[in-house]
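Think of it as A, B, C, D and E in the order they're written, each chain with its own count starting at 1.
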Amino acid sequence: MVIAEVVGTVVASQKTPQMQGLSLRIVRRVSPALTPADAYQVAVDVVGAREGDYVLLTSGSAARQTHLTDGAPVDAVVMAIIDAWQVDDQVRYDRGDRV
Amino acid sequence: MVIAEVVGTVVASQKTPQMQGLSLRIVRRVSPALTPADAYQVAVDVVGAREGDYVLLTSGSAARQTHLTDGAPVDAVVMAIIDAWQVDDQVRYDRGDRV
Amino acid sequence: MVIAEVVGTVVASQKTPQMQGLSLRIVRRVSPALTPADAYQVAVDVVGAREGDYVLLTSGSAARQTHLTDGAPVDAVVMAIIDAWQVDDQVRYDRGDRV
Amino acid sequence: MVIAEVVGTVVASQKTPQMQGLSLRIVRRVSPALTPADAYQVAVDVVGAREGDYVLLTSGSAARQTHLTDGAPVDAVVMAIIDAWQVDDQVRYDRGDRV
Amino acid sequence: MVIAEVVGTVVASQKTPQMQGLSLRIVRRVSPALTPADAYQVAVDVVGAREGDYVLLTSGSAARQTHLTDGAPVDAVVMAIIDAWQVDDQVRYDRGDRV
């Protein structure tokens, strides 16, 4: 998995039937030091993330291992909203600090 | 998934039987800011996209999760035509503006 | 999938039993503008491609979705010989021109 | 698999049910010469690794081939703690030397 | 698949049960022109390769398609020892020349 920030939304009305009702978000990878990368993906959000949230992004066949994405042509899913992370015993991000 | 533009077509008559009847399109990745990347793939189109359309491209085993590609040696599929997307609360692309 | 040129052959006698009888080819990626990339792979050929042919290369679990590669430890397969492709309404490659 | 160092921890309370109880670690790739790369991932730890441990990181569908991650939307798992490795007949890392 | 050279060994005693008894080798990618790349992986060897051997490396779910790796959290396997390869009708490597 990688850490990513939710930065946008995609709307698509012409799509395969299995995609009906799925929320499509644009996510951007960030480093553990919170540096945004020039790497964007579109992922299905199954946890109700909002723009600005830092999330865990799962790719590949694992993206279909949720109730909502099972059997859909989906290769990336937002499956957790991150509360905090630390590296080398230092807190690098704490969602509570932003509220 | 990634955002890509449909830019071309591939014709192949000698192929494995499961590929019969599938539409092969050349797609090019674009950034959310609409900058085209030097990254091309060939994908099966299952939604009737036309050249110039911006589409969602799914890769890996998920590309076989459609009625048309099930059981075929296909690792990339165009499974939605994008109507619009926004990043940081700004609309970056709206298909209606092009008509 | 990606467009690649068949450029060589690999011979291996000590291998897992499932690899017996499979044709191993060295392929090199090319751009839609026919620029060869410094990116080589070894793939199983299931369509009888010859050196110099431009082919479609499928990677990942999809490479096992052919009669010959089913159940084998194979992550790349040549599953079509390309006749022609076009980008931006221009023919970039036509196999007939080479005969 | 790749060699990685465990460098941090992620906490996420809002997540898909299958992620409950799994330990999320931030890992950083290192070369066999112990040079750290600027490549971080989040992985589920199933072997009780501690920060500073060098571990084996498995990616893709193989990450679900453990008792703890089976059926979860997980694409990376720490599945072994490395005792030692050698390259060109030279020991490059020996965990015992660090104790 | 890619061509790689076996360059080292990894020892790990704390690991998931399915990894018991598997031989872990460090492999380094080489180009068809025998130029080593700065790209290392750890793979399970199922064919008894020795250091210095050039081998075929299979990645992804295909790495579990051998008797030894079936059901294990393994994403890379050495499944053949290469005897020879040629590119553009020239032999670039012949194992017999080294004996």
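We adopt the following convention: contacts are C-beta pairs under 8 Å (C-beta built on N, C-alpha and C of every residue); 3 or more make two chains touch, one makes a residue touch a chain.
Predicted, not measured: the structure shown is a model, and the values here were computed from it.
Student: How far is the middle of chain B from the middle of chain D, if each middle is the mean of its Cα atoms, in Å?
Tutor: Using C-alpha averages as centres, the distance is 34 Å.
Student: What's the distance between the Cα centroids of chain A and chain B, rounded to whole Å?
Tutor: Once rounded, the distance between the two centres reads 21 Å.
Student: At least two partner chains per residue is the criterion; list those residues in chain D.
Tutor: 60-61, 63
Student: Drawing the touching chains as a network, do you get a line, a ring, a star, a complete graph or other?
Tutor: Graph shape, chains as nodes and touching pairs as edges: a ring.
Student: Can you give me the ring order of the chains, beginning with chain B and going next to chain C?
Tutor: Counting round from chain B, the next being chain C, yields B, C, E, D, A.
Student: Of all residues in chain B, which touch chain A in the complex?
Tutor: For chain B paired with chain A, touching residues are 1-3, 31-32, 46-48, 56, 58-67, 77, 79-89, 92.
Student: Give every residue of chain C touching chain E within the complex, in rising order.
Tutor: Residues 7-16, 18-19, 24, 26, 38, 40-43, 51, 60-61, 63-64, 71-76.
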